[in-house]
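Following this message is one structure expressed as structure tokens.
Naming follows writing order (A, B, C, D, E, F, G and H), and every chain is counted from residue 1.
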Amino acid sequence: MKNPLVGIVMGSSSDLSIMEEAAAILRHFDIPYEMTVASAHRSPEKTREYARSAQRRGLNIIIAGAGGAAHLAGFIASETVIPVIGVPIESTPLRGMDALLATVQMPSGVPVATMAVGRSGAKNAGILAMQILSLHRPDLTEKLLEYKEEMAHQVEEMGTEVAKHRETSDKV
Amino acid sequence: MKNPLVGIVMGSSSDLSIMEEAAAILRHFDIPYEMTVASAHRSPEKTREYARSAQRRGLNIIIAGAGGAAHLAGFIASETVIPVIGVPIESTPLRGMDALLATVQMPSGVPVATMAVGRSGAKNAGILAMQILSLHRPDLTEKLLEYKEEMAHQVEEMGTEVAKHRETSDKV
Amino acid sequence: MKNPLVGIVMGSSSDLSIMEEAAAILRHFDIPYEMTVASAHRSPEKTREYARSAQRRGLNIIIAGAGGAAHLAGFIASETVIPVIGVPIESTPLRGMDALLATVQMPSGVPVATMAVGRSGAKNAGILAMQILSLHRPDLTEKLLEYKEEMAHQVEEMGTEVAKHRETSDKV
Amino acid sequence: MKNPLVGIVMGSSSDLSIMEEAAAILRHFDIPYEMTVASAHRSPEKTREYARSAQRRGLNIIIAGAGGAAHLAGFIASETVIPVIGVPIESTPLRGMDALLATVQMPSGVPVATMAVGRSGAKNAGILAMQILSLHRPDLTEKLLEYKEEMAHQVEEMGTEVAKHRETSDKV
Amino acid sequence: MKNPLVGIVMGSSSDLSIMEEAAAILRHFDIPYEMTVASAHRSPEKTREYARSAQRRGLNIIIAGAGGAAHLAGFIASETVIPVIGVPIESTPLRGMDALLATVQMPSGVPVATMAVGRSGAKNAGILAMQILSLHRPDLTEKLLEYKEEMAHQVEEMGTEVAKHRETSDKV
Amino acid sequence: MKNPLVGIVMGSSSDLSIMEEAAAILRHFDIPYEMTVASAHRSPEKTREYARSAQRRGLNIIIAGAGGAAHLAGFIASETVIPVIGVPIESTPLRGMDALLATVQMPSGVPVATMAVGRSGAKNAGILAMQILSLHRPDLTEKLLEYKEEMAHQVEEMGTEVAKHRETSDKV
Amino acid sequence: MKNPLVGIVMGSSSDLSIMEEAAAILRHFDIPYEMTVASAHRSPEKTREYARSAQRRGLNIIIAGAGGAAHLAGFIASETVIPVIGVPIESTPLRGMDALLATVQMPSGVPVATMAVGRSGAKNAGILAMQILSLHRPDLTEKLLEYKEEMAHQVEEMGTEVAKHRETSDKV
Amino acid sequence: MKNPLVGIVMGSSSDLSIMEEAAAILRHFDIPYEMTVASAHRSPEKTREYARSAQRRGLNIIIAGAGGAAHLAGFIASETVIPVIGVPIESTPLRGMDALLATVQMPSGVPVATMAVGRSGAKNAGILAMQILSLHRPDLTEKLLEYKEEMAHQVEEMGTEVAKHRETSDKV
């Protein structure tokens, strides 16, 4: 098994179905990754060790997803200098606005690359990781360009589908 | 010098004018306290040591003030079991709503006793600390009751002042 | 039956399933508590008497949960000098933002130790109460440290579960 | 001096410049009023007595202005059955959104007639009081109709002024 | 059939289940009322005529409920000098925050007595109407005091229920 | 088939059920339209070509609906000088507030005529398109006036329905 | 003097400095316009007459700016079928969020083409008016295309300026 | 002059004082960069060419700052597969909340690494760029670790300063 280049961390196993979106992208691009649970508040020791050992263990990027007062990404970013991508998760009555602000509003000196709240954000975390890795891997750049084309193609197909719907409406 | 019972921590020395409100209350009630700067993100090592040594060093309560993605209070609460009081500080264009949500929306298991955003919150952090300490110090209870009476008295005086203003308006 | 040390108050019996989270913590730590309904707006007389008699009746802490223009915790805090912990409850279309602001934005002089909106907040209210009581009960400190370790352990187990999921994904 | 029909209460003398807008309306309509300071949190005893004695003392309406976790109007409404008009005041970094939600989101059974945040709200509190009193005083109805006409007239004049400005722009 | 004293207006028949709460209060207090649909935007002519004829037809108070850019109450208030009570209704993805701000933030000169968003607000609109009418009907004051007592009694009963639940928990 | 005068574009085929509201209005007024999917972010090339060719192809108006960081309408408006109508769609946990702000807060020089979030907004986009086209087609003005009357009539009927409900309540 | 094609209406003469941005655009494009003050709430009669006579008087478009519970644009849109453009103005402590929601969240059937809050919104209202008028005036289309080019040119120049700044920084 | 590795783009030259924070970091780390103005809405052609040529011209990362309906970063991200970092800028009455949501809430497939609103965000954009570049430049990793240490040191010094203030307070 290849050494993971990306670490996906989440604050609770209940975030798995969201964070799995990031993992799916990494598998799609054939990038070895690891996945674990670590809580900034409930298991700070583990989180710290995870963050501190990340670079040494060969990780290039950490993707961290959490809800509420979502400190996970920021906590990790305070302990490493590899890029940290934050995914705010909707897990409280405030619908993710809390997680978004707690993830993005980092002070000078400790950035977290923040994604959209929820599922789209997790998927994009995977893609941003690919973009970062691609800077020294032309094969990934190729794949990302293909992915972009594929997206455009899918939109094209949706356009055809909608245009058909439009014609049908006419006949009614 | 007496051993401090309360530690006041802030994320930056620019928060001092706000957090001084908490200190003023502690001095008013004659409670030994200490005051320092520690950043969850920029000096995590120091913050952790501070939090971990707190109980051993005799602190009963920690008051932590921070702005933006305000993780300071939550970070400390993850490392100690003494009560942690959080003061959200307005330090970004989002006017403290970010600091409030990042402080208060803590996950199950790690509470932060959150105060109002800004100056009133800092002052109330001092008073809540007094209330906690008073549970085993009847003298503090006495002082808190006097403080409450004094507040009511001040409101009474403001009422008199406003009533006078009202009479003057009449004559105009 | 032992004299209650903690009073749990809620604005309506419909808040019971939320506030029960606080009670469960108190039972877990074997702390005698009482539980009642009192409304700042619909039964102010009872609420006042409850708050005023609290200290005399031996209560050390009051936990108050309410929704909407959630005045319950602040009302009680205005009538006693023992610590009051507020739990904002989501009970209107505004999803608890109203309860949060009405609970936390207290004026100088009358603090409410505010928790997260909803279930996590209620649970944390119980834990904060334990932390306060533990200041003079080393046995509770021990139990709180065990609780913290248990949480870290649970996160560890979730991590293992997620890592397994990750391996399975690989094989697919 | 005539017996006051309207009581204007505010949480602090610092709210006077705002609440004076309500008073000015009452003077304009020649309605006897009283004005005082009472705080739901800092002088609950006085506030309660004020609210409880209101009807007996001949008050028909109470106008209450407060900021932050603005409980003043709701507190008074819980102790009387005469109409209570609430004016949310901007006095914290959250710019009055806290005061608005804490005033308006009252539970079933205890209404507060909530006005806009700040100066306009205070003025409108005075006018709503007039509208309520006018239900049994045709002279006030006349005056309110005149006031409405006068407003329309002022808007008309502003229109003329703006039209002139428009013509001048043309010549430039 | 007695002449209606209160008019309940709503922007759409889909608001009926909410606004029925206001009507139920009026029936409870035995106050004749009328109920109709009028839209500030879709039937302005009818709304204006409704508002303009209100006083002449003997109405003392108008209760208006609407969602979204909720102009109904403000529109009516611009055409009459009898008190207008506004009920913001949750009818868009923005969950009633739009209706609240569009109802409460009225300019100087044209007040709308704004209630909480939704069901509680509609019920309270009915009670506020009673409070206004009671100023010249001591019998209504009596009934309102009874209603207040009944509420306190209900809370008391909920307290008993919750205390029982608490005892049961103990035995588990 | 007549040349389309209005283009309806959406960011994804999942927005179709919302945007169909706009199309239904255009069919009702017998205006030829086209419908497609184009994404500002996933198919920028197609979107640009669509926007750039719009005027040449005879389109008078473009209606664009999108969710999240909804750039579609603004993107199109940057590439054409025909009027662009934006419909914010609720498609993330932030309930459309993100789409609203991303659509409406356009910089000086590039307007987007923004509608309400969701279904009502899509329908109104269709009506605004009719209003614009009607400036040179008196027949459309006639139809719009009829539509307005029909709306008023429907409200009238809802009023009758509600009044009946009111009478029934009385008898209960 | 030519017959005005566009009417600019504002809720108060204090909105003039904002709404003048729209007027400046109209003058730049040499479109005759008129400008007045009309308040949905303070001068409904005038506002209605203004809206009702608009089409008859030859107006093609109305631009309406207002703050707070900004009903002006919606009010006008309810009385005419020519396009109405709404400009939310920041005039209360809630910083224009109230005006934005009260303007944009219109119900089905009565659209308001909503612009950004404040100065940019007013300017864009003027440009949208030009875009609408240009549909039957190729000369305006030409001018709008020139305006677009000029904007791009200005951005180009800003780019040069910033690039220079960058070089200077290098030398420091 | 060395070939730039990072491009800093902003929507207007008025954003320069904010975006200069990013540039200062790049200079501090001795990374060649370029700086320009490009507007998603006012100069889309230039922006597209800039984004499309970025990789070919040797840029590794683009930092894009914009306010309001801030589409700049997302626009660029739609045209390239190198990482794009977005800085939301406060430039409207909505205080940057609009820019934050318009930047961060990107749809699946097109990530923008979003930073905090304003000055801190711009600085952190520079640091995140360093972190990304450091993945293949151990010298940068060293410098980033030193930078982190220096930050911790500065916090330490602020702590000493605050502790001194605390002692002085004591003597007063």
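We adopt the following convention: contacts are C-beta pairs under 8 Å (C-beta built on N, C-alpha and C of every residue); 3 or more make two chains touch, one makes a residue touch a chain.
Since we're looking at a predicted model, the values are computed, not measured.
Common neighbours of subunit B and subunit D under the contact rule above are C. Listed here as common contacts of subunit A and subunit F: H. Interface note: subunit F and subunit H, two copies of one sequence, contact each other through mostly matching residue numbers (shared numbers exceed half of all numbers used).
By residue number, more than half of the contact pairs of B-D reappear in one of the listed pairs A-F, F-H or B-C, namely A-F.
Note on interfaces B-H and B-C: more C-beta pairs are in contact across B-C. The distance from the centre of subunit E to the centre of subunit G, with each centre set as the mean of the Cα atoms, comes to 36 Å.
Distance between subunit C and subunit G, defined via averaged C-alpha coordinates, is recorded as 50 Å. Distance between subunit B and subunit E, defined via averaged C-alpha coordinates, is recorded as 40 Å. If each chain is reduced to the centroid of its CA atoms, subunit G and subunit H end up 33 Å from each other. With touch defined as above, residues shared between interfaces to two or more other chains in subunit A number as follows: 12, 39, 42, 68-69, 92, 94-95, 97, 100, 104-107, 109-110, 116-117, 120, 148, 151. Here the chains touching each other pair up as A-B, A-C, A-F, A-H, B-C, B-D, B-H, C-D, C-E, D-E, D-G, E-F, E-G, F-G, F-H, G-H. For subunit D in complex with subunit B, the residues that touch the partner chain are 10, 12-13, 16, 20, 23-24, 27, 33-39, 42-43, 45-46, 68-69, 92-95. Of all residues in subunit C, those touching subunit A in their complex are 90, 95-97, 100, 116-118, 120, 148, 151-152, 154-156, 158-159, 161-163, 165-166, 169-170. Interface of subunit F with subunit G (complex): residues 55, 60, 81-83, 85, 100, 104-111, 113-117, 119-120, 123-125, 127-128, 131-132, 134-136, 141, 144-145, 147-148, 151.
Residue ranges on subunit H touching subunit F, taken from their complex, read 11-12, 39-42, 44, 48, 67-69, 71, 74-75, 77-79, 92, 94, 97-98, 101-107, 109-110.
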